[in-house]
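Below is the structure I would like to discuss, written out as C-alpha cells.
Chain lettering (A, B, C and D) follows the sequence in which the chains are written, and residue indices restart at 1 in each chain.
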Amino acid sequence: MSTAPETAIPVTTKKDWATDQEVRWCPGCGDYSILTAVQLMLPDLGVTRENTVFISGIGCAARFPYYMNTYGMHSIHGRAPAISPGLKLARPEIDVWVIGGDGDMLSIGGNHLIHALRRNVNINILLFNNRIYGLTKGQYSPTSEVGKVTKSTPFGSVDAPFNPISVALGAEASFVARTHDMDRKHMQAMFRRAHAHQGAALVEVFQNCNVFNDGAYDTITKKDVRGHMLIDLQHGEPIRFGPDGERGVALDGRGLATIVDVADVGVDALLVHDEADPDPSVAFALSRLSNGVGRPTPIGVFRAVDRPEYASATSAQLAEAQAAQGPGDLHALLHSQPTWDVS
Amino acid sequence: MTDVADSSTARELSQVIIRFAGDSGDGMQLTGDRFTNASALFGNDLATLPDFPAEIRAPAGTLAGVSAFQVQISDHDITTPGDAPNVLVAMNPAALKSDLGRLEPGGTVIVNEDTFEDRNLAKAGYDTSPLDDDTLGGYTVIRVPMTSLTMEACKDLGVKTRDAERSKNFFALGLISWMYTRPLEPTLDWIDKKFAGKELVIGANKAAFKAGHAYGETAELGEHHFMIRPAALEPGTYTNINGNTALAWGLIAAGHQAKVPLFLGSYPITPASDILHELSKHKNFGVRTLQAEDEIAAVGAALGASYGGHIGLTTTSGPGVALKGETIGLAVSLELPLVIIDIQRGGPSTGLPTKTEASDLMLAMYGRHGEAPLPVIAAYSPAQCFEAALEAVRIAITYRTPVVLLSDGYLANGSEPWRLPDVASLPTIEANYATEPNQVNEDGEPSFWPYQRDENLARPWAIPGTPGLMHRVGGIEKQDGTGNISYDPANHQHMTDIRQARIDKIAESLPPLDVAGDADADLCLLGWGSTWGAITGAVNRMRAGGQKVAQIHLTHLNPLPTELGDLLRRFDHVVVPEMNMGQLTRIIRAEYLVDAISIPKVMGQPFTAGELIERIAAATAASGGPR
Amino acid sequence: MSTAPETAIPVTTKKDWATDQEVRWCPGCGDYSILTAVQLMLPDLGVTRENTVFISGIGCAARFPYYMNTYGMHSIHGRAPAISPGLKLARPEIDVWVIGGDGDMLSIGGNHLIHALRRNVNINILLFNNRIYGLTKGQYSPTSEVGKVTKSTPFGSVDAPFNPISVALGAEASFVARTHDMDRKHMQAMFRRAHAHQGAALVEVFQNCNVFNDGAYDTITKKDVRGHMLIDLQHGEPIRFGPDGERGVALDGRGLATIVDVADVGVDALLVHDEADPDPSVAFALSRLSNGVGRPTPIGVFRAVDRPEYASATSAQLAEAQAAQGPGDLHALLHSQPTWDVS
Amino acid sequence: MTDVADSSTARELSQVIIRFAGDSGDGMQLTGDRFTNASALFGNDLATLPDFPAEIRAPAGTLAGVSAFQVQISDHDITTPGDAPNVLVAMNPAALKSDLGRLEPGGTVIVNEDTFEDRNLAKAGYDTSPLDDDTLGGYTVIRVPMTSLTMEACKDLGVKTRDAERSKNFFALGLISWMYTRPLEPTLDWIDKKFAGKELVIGANKAAFKAGHAYGETAELGEHHFMIRPAALEPGTYTNINGNTALAWGLIAAGHQAKVPLFLGSYPITPASDILHELSKHKNFGVRTLQAEDEIAAVGAALGASYGGHIGLTTTSGPGVALKGETIGLAVSLELPLVIIDIQRGGPSTGLPTKTEASDLMLAMYGRHGEAPLPVIAAYSPAQCFEAALEAVRIAITYRTPVVLLSDGYLANGSEPWRLPDVASLPTIEANYATEPNQVNEDGEPSFWPYQRDENLARPWAIPGTPGLMHRVGGIEKQDGTGNISYDPANHQHMTDIRQARIDKIAESLPPLDVAGDADADLCLLGWGSTWGAITGAVNRMRAGGQKVAQIHLTHLNPLPTELGDLLRRFDHVVVPEMNMGQLTRIIRAEYLVDAISIPKVMGQPFTAGELIERIAAATAASGGPR
C-alpha cells in the first residue's frame, strides 16, 4: 500500500483543484457557488489532492467529483454514504468528502446517512438541499414543503418534510451544521469545521435549483432579508440576530427555543450557544426554530462534540490485536484446529 | 489413540453412516460435531451433513424442532455424508418420526426410550408408541433409557436435575463412541476446554459420556461393536474443516499472498454469517470487518475499500445478492476488484433458510441491469472452499473485476478432512498498484488515464494517496482510456465489448479441464458446486459396476473453460445434476447447442450417490440412448 | 372490492385471535408475553379479525403474524414498514400492525421506518428491541451498547447505538411510545394508544432475548428495580418516579431534562409532561434522559400529536378529484389529446 | 386544414426524415414535438426519436449540450423514425458537429448562421467555420440568420431581448412548416394554450413562428417546398401518442376493465418517471400513486396494495429493477398480482441514462435468488404499450403473479399515430376475489386455504376485510394448500414445480403466434421489443427487393409461445437483432437448441432498417448459407 509522502504540502491554487472537464450544471445553479467555495478553500486546508477523495451518489449535486482534481467516485443513487465509510475504514489517512442532494442522501440514501452518523465515521458530508429532484426534472423531495405541486404531485404533496438537522441529531450525529449557497465565506467556514471534526460531519447547504425550484430560499438567504432571517450560531455566544442584533433566541419555560426581542428580555436571558454540549437536546430545539424556510432560520454549527471515531477505533482494534497476538501467521492459522498426521 | 475402547471384539466395517436426530435443544449438532472430530483425529475419512431448522429453538418435542446431523466415516476416500444412514440415533419421538424414512432398510435405530411418553408422542403425531407397534418392524431397535441413565450417572455430582438431564446427548455420544470404537480422549479434552470454569457441567458431561460408553460394554451390545480403520489418505497433516472456515481462511491466505489487506463488508445471514464471525477474529492479519446496516451498505463499503486499495469482500446468501445487484453493477463499470460470496440456500424469497440449494447461478450471471458480465466461480467441497477463495481473489485483482464466488449451505456447514497446504506452495497474486502516470498530455506533461488497459485488458489500480494519479471514476459510461464521461454511441459499444472481452480473457489463465472417469464413455456427468461429492460417488459406483462414465466438474462458470464445448460434444449424453431446476444446463445448451439433460433437485437436501445413479439411468433412457 | 360489513363487532376472546400454529420462539423469550398482551387486548379494541392485518419483516419478532388469527404477511427483512404503507393507502379502513425487531426496523429497515413516520401513514409499529440479532444467532444490532462482544464483534463493538425514540422524533414522528415485556398492562395501554392514534405510531418494546442477550433490561425492568428505574410518563402530570414518587424530572437552565429529588426542588419545579406539544423538543430531551439502560428510563407516550395523516390525505385527494372532474371516463381519457379522423 | 400553406407549388414527397438539433436550452424537443403533432393532425403516418443528454442543461454551445429530435413523416405506413435524416436543422455549431454525420449523403442542412461565431465555433471544436470551409461540401446548405430575424420580428412587441431570442426555435419550426406545407393552426393554438397568461411570450413565439414561415415563402426557397399527403391509415380516430403515455393509459384501462383500483409505488428515474407523472394526474380514476423513498419501498408498497386487493404497480428502469429483486422474489412466493414496469436504458450501472437499450431481459428473467420464475412481456411500439399494459395486468391478476413488462427509452419518448380503440372492445379481466371458505376442517367447520389452486394453478386472492378468510402469507416455503410454513423436502420440490407450472400455463392463454412476411423463407428474423419498427422496415425493404424473409416478433418472453420452437426449426437461419449483446438469442438457443444468430447493438440508438439489412446479410453469409 502506498501512503502519502511526508513532504511539505505543495502550494496550490483553485486552478490546481479543478479538472479540465466542462461543468455541466444549468447556468445560474447554486451548485456553482458551492464548487467555487470548495475549490477556493482547499488550497488553504493543508491537504494534498492525492489524499483527498470526493464520493457522490447520483443527482445534479452528485456530479461534483468530476470537477475536482482529486480522487473521486461518482457512484450510484443514495450509496455515497454507504461506500465512503468503506474507504475511510480502509484508509484512515485519506480525507473523504461525501456529496449529494436531498433525494440522494435523505430519500434513497437515508439509512446509510443515519448509520454513518451513528457510527461516527470521519467523513465530511455535504448535503446540497434544493428541496427538489433536479436531475430527474422536478419531482418533490423529502425536504419539499407540504402542498408542493410538482410533476409527481400535481395536486400538491401531502407528506411532511424532514428537517435534515433534526434527523441528524436524532441519529446521534456528532457534528451538524448548516450553510447556504449565497455566502461563500460562511460555506467555507462550515466546510473547514467539518474537515477539522474527527467524526462524521454533516453540513446541510441550502442550494438554489433555479430550474425546478427557483427561489426556494429567497425569503431567508437573499442579501436584503438575510440579516433578519438568518440566525448565525456562534459557539459560546448568546444567540442574537437582526441587523443590529435586536432579536435573539431564548428557551421558554418549557425548554423550547423561541425568538425574542432582546430589548424585551435582556441579553442575559438569551440562550448561549454551546455546540459542544454532550446532550443534543438544545441543538435539537434550535433545529425546530424554523421548520421550513418562512421563519428565521439558524445557520452555523448546531453541534460539534467529541466521541469515539469509527475508523480510528477499528484501526486501534487491529493494532491491539497485532500487539497481543503478533502479526498474522498463516501457517499457525491453518494449524489452529486439532490436526492429525497421515504418513 | 491409547484410549480407544478395546477393539479386539469389534467387527471391521469399511464405513458407516450415522444420523443423530433430536430436539433443537438436545445438542445434536454438537454431538455430531464431536463424533466427527474424534473420527477425524482417529484418521478416518469422513463427510458431514448438518440439517437443522430455521428457528433458534422451536418448541420442544415438535416435528418442527427436530435437528439432525449425519456423518459418514470410512477407511477409504469418500465424498459424501452417505445415502441412507445405517444408524439413526433418535433422541425423541419427533426425531424418529421425521427421520426414520431416511434409514436404510434393516438399519439400526437407537432410541432414548425415556422420551417415548404420551406428551411427546402426541407432539410428534404418534397415536401409539412406535416402540410398541409395528412401526419399527424390519429395523434393529436398541432401546436405551438415556435420560434416566444420565441422571443416574450424575446423581452424586451435585448437578441440578435439569442440567444433568441436559447431558444426555453426551450419553448418546459415549454409546456410539463405544459402538464404533472411537477414541475417548478428544471428547474428554474438548469438554474440559469448552466448559472451562464450569466444573459441574464438565462433571456431568463427562459422567454421561462415560456412562454411555460403559453401557455399550455392559449391555450386551456386543453384536453392535465395530471398528473402522483409519483411511489411507495422502500423507500430510490434516484437520477437519467446514466450508465456511475454509473459505474464510482462503480469503486470509489470498490477502497474505497478494500483500493486500482484506476488508469485509457484510450483513449477517444464514448460512453465510460464520464467515463474518471467523474473519472478525483475525484482526491481527489486518482484516477489517464491518457489520453494515444492510446488504447494500455491506457491498458498498467493500467497494469503497477496494477503491482504497484493499480487497473488498462481501459475504451473503441469495436474498443479499438480490439486493446487491445495483452496486455490483457499479463495480462492473468501475472495473475494481471485489469478491461477492454467496452461500446459497433454499429459495425463492426467505425459502428454506437453513437448507441447502444451488439456485443462484443465474442470479450471479445476470442479476444486474444492462450488459454487466462478471466472473463466477464455485467451490465444490468443504475443504476446497479454501482454494476457491484464493482463486476468486486472484481473478478479482488480476482482472480488476467483481467476482461472484458461489458456495452453499451444505458446503458451509459440512466438514471433511483437509490436508493442510504448505504456505510456501500457495500461489502468489500481484496487486500491481499503479504508481506512475501512464500518458503524456497535449502539453507534454505526464498524465494519468484510469482506463488505459494492460495485456489482460485490465485497468490500473491507482489508489488514493498516490501522487499524480488523481482521477475520477463513475457509473456513467466513460471513454475508454481517459475515463471521461462519454455518450458517444461507438464508445458505448466498444466499452461493452471490452468489458466482455476482459472477462472472456480469464479463460486463458485457467488450467486444462480435467475429465475424470472414462474419457471415452458415451455418458458424461457435468456438475458444479457441492454436487461434486455425490456425482463422484455415483461415478465411482457406476464404474465399479462396469459402466463407463466420464465426469467433468466446473469450478469456473463464467467464463467457461475454452475447451469445454469440444469436450462435451464428444459424448452422446451430457447429464447435469444440479441443486436447482437446471440453471447450468441452460447455460450449456445456449453456449454449445449441446442437448444437455438436467437432473434437477430442490429439496433442501443434497443428492445422494444412489439417488443420482437411478436418476441418471432414467434420464438417459428417456433421451433415447446413444445418437 | 369487498369492504367490512357494517354489523356489530362479534364478541371474541384471546383464543379467537390465536392461530393453530405452534409458537416457535425459545422457551422464556420475551416475545411470548408481547404476543399474549396483544391477543388479550384485541378482543376489547372494537375491531374485527378480518379488518386487522399484521405485517412483519424477518427475525424472531417477525414470526408474530403467524400466531395471529387475522390477515397477516411475514415479508422480508426490513421491508414491513415499506410494504405496510401500500396496504394502508389502498385500504384505509384496515388496521395495519407492523412488527419487527431492532435489526429489522432500525438496521436494514431504518429508512422505511423514518419515512413511514415522516409521512405519517396510519400504521401501528411495534419495535421489539432486544438489542441483538436473535434469529441469526447473536450478532450485535444498532441498539447494542458500545463494547458489546458478539459473534461479529469478538473484540467489542465500537459504534454508538441508536436511541429509537430519538430517531423517531428526529424523523417527525407524530406518536412515539415505549414499553417493556415485563408489564402486560403497560404494553396494552401503549398498544391501545398506538391503535387510537391517527397517524404512524411507533412503540418501542424492551424485549428480552434470553438466549443471546439475556437480562439486557434487568437493571430497569425487573420487578424489584422497576419502581426506581422506570419513569412512567403521564400526560399533563409532573414527571415523578420512585416508589413514593420521590424523584422527578425537571429541565435545567439549559433546557436539558435532568433527574431531581422532589424534596430538593419542589413539585412545581417538575416538568409537566405534555405529549401533545407540537414542538418535539421536550420529548426529545426526555428521550436523552437515559441513553442506554443504566439510568432511570422513561416509558409511556413521549409524543402524540395530530397532524395530517397520509392515507386519508391521499383518499381526500382522490375524492376531490372525483368531485371536481367526475369519475374517470376512459373514453374521454383516450380522446384527451388532439385527435384526427381517418375515414 | 384550411391554414396549410399554399401547396400548389409544393413538390410531392412520400416521406421525409427531419432532425432538429440544437442546444439543450434551445427547445429542440418542443420544436420536434410540435412539428410531429401538426403532422399527425394533418394525417401523416410518423415515428419519432427524441435524443437528449443526461444533463438538465449542459453548458450552452458545447457538444455535451446538444439535444436532438428526429421525426419521419410519410404518406404511408411506416414503423421507424428513419435511417439517415434528409434534413438536419442545426441551431448552432455544436449541433452541426455532433449530428452532421447522420445526414444522408447530399442531404439538406439548415443552419442558424447567427450562431456561427468564434466563441461557439471554439466550443464545438471547430477551428474554422464549417460554413466557410469544405465541411459541408456535397450537402445542400440553407443559411438562415434565425436569431436576428427572430429579434427583428419581435422588436415591436415589447419583449425583452433575451426572451425574443428564446423564440428562435419557433422561427425554425415556422420555416420547416412552410417547407413541408404543415398546417399552422395546431401550433398557433398550442402556443395560446401552453403560455396562457403570458401574453408577451405568446406574442414573441407566434411572431417568430410566422416570420419563419414567411421566410420560406419569400426567400426563394421554392425548390425546398414539399407536400406529403396524409397516409391512408385504417379508418378511425387517431391521436399521436408516446410510449409512456400509452402505457399509463393502458394501466388505467386495465384497472377499469378489471374493476380493480390501481396503486402505483414508484421512485423517479429516467426514462420511466413520466408514467408516474401521468398516473398521478388521474386520481379521479381512483389511481393512487406513492412516490416512495426508494425503489425497494416503491415495489414494497405496491405489493402491500396488491395484498389489499389493488393492482400493485411499480415503474422504474434498470437500476431500479436491480434493487427490487428481493421484493419481487417475495411476490413470487406470495403469488400475488404485481406489475413491474422496466423502461430500459443504456447500462450497466448509470450507463447512458437518457439513451435507449434493451439489456434487462436476463435481469427480468433471472434477477432473483432461488427458482423464482415469472412472466415477462415486452411492448413493441409506442402505441402498442397500451395493449402491453393491459396484457401485463391480465396475466398478473389471472395467474396471481408478478409480471415484468419491458419497454425502453425509445418507445417511452418516441411517438406514433394511434388508432384509438373503442372502450367497449377492450378485453375484460376477472379479479375473482375470494369470498368464501374453500375447505372444511377436521371439526367440520368451514376454513380457508390460501394456497388452494384453481384450474390455472392460481391461488385465491382473499383480501383483508373479507370475513372468514383470515390467513397468513410469507416468504418462507409453505405447504401447498394450507400455506403453513413447511420445511418438508418433497413439498419444496412440489412448490417449486408448481410455481413453474403456473407460469408455463400462461402459454395456453396466448393467441397463435403470427409469422409475418414469407412463412416459407429460409431466413427468419426474430425480435422482441422496440426493434419491431426497424425489423419490420428491413423486412419490407428486403421483400420489396425480392428477397424472401419471415418475421416473428415476440411480446411474450416468458413463457414463450408454445409453437415457437417448431416454427423456428423450419428456418435455415434464425437471426435475432437485439438492443443488447444477445440475450433473447441465448434464451432461444437454450430452449430449442436452434442455432439462432445474434445481431447485437448497444449504442444508445435504435437500429435503422438499412443498418439491419446490411448486418443480416453479413450474419447469414458468415453462418454459411442454408444448411
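In this text, a residue touches a chain if its C-beta (ideal position, glycine included) is under 8 Å from a C-beta of that chain, and two chains touch if they have at least 3 such contacts.
These numbers come from a predicted model, not from an experiment.
Chemist: In terms of C-beta pairs in contact, which of A-D and C-D ranks higher?
Modeler: C-D
Chemist: What is the distance in Å between the mean C-alpha positions of chain A and chain D?
Modeler: Centres of chain A and chain D (C-alpha means) sit 39 Å apart.
Chemist: Could you work out how far the Cα centre of chain B sits from that of chain D, in whole Å?
Modeler: Roughly 45 Å, centre to centre.
Chemist: Once you find the CA centre of chain A and the CA centre of chain C, what distance in Å lies between them?
Modeler: Measuring from centre to centre gives 29 Å for this pair.
Chemist: Enumerate the residues of chain B that touch no fewer than two other chains.
Modeler: Touching at least two other chains: 54, 64, 283, 293-294, 296, 319, 326, 329-330, 334, 349-350, 474-476, 485.
Chemist: Out of chain C, which residues touch more than one other chain, so two or more?
Modeler: 58, 74, 76, 107-108, 110-111, 115, 142, 155, 314, 317, 320-321 - these are the residues of chain C that touch more than one other chain.
Chemist: What graph shape do the protein chains here make by touch: line, ring, star, complete or other?
Modeler: The chain contacts form a complete graph, every chain touching every other.
Chemist: Please output the residues of chain A touching chain C within their complex, sorted ascending.
Modeler: 107-108, 110-111, 114-115, 118-120, 142, 146, 155-156, 158-163, 166-172, 251, 254-257, 271, 274, 277, 279-282, 284-285, 288, 307-308, 310, 313-314, 317, 320-321
Chemist: Enumerate the contact residues on chain A facing chain D in the complex.
Modeler: It comes out as residues 22-27, 58, 60, 74, 76-78, 107-108, 110, 133-137, 139-140, 142, 151-155, 211.
Chemist: In their shared complex, at which residues does chain B touch chain D?
Modeler: 53-54, 64, 296, 317-319, 321-323, 325-326, 329-330, 332-334, 344, 346-353, 355, 357, 359-360, 362-363, 365-372, 474-477, 485, 487, 489-490, 492-493, 496, 499-500, 580-581, 586-587, 589-591, 593, 595, 601-605
Chemist: So in the complex, which bits of chain B are touching chain C?
Modeler: So the residues of chain B touching chain C come out as 54-60, 62, 64-65, 266-270, 273, 276-277, 280-281, 283, 289, 291, 293-295, 319, 349-350.
Chemist: Tell me, which parts of chain C touch chain D in their complex?
Modeler: 1-5, 19, 21, 48-53, 55, 58, 65-66, 68-76, 79, 82-91, 93-94, 111-112, 115, 314, 317-318, 320-322, 324-328, 330-331, 333-335, 337-343
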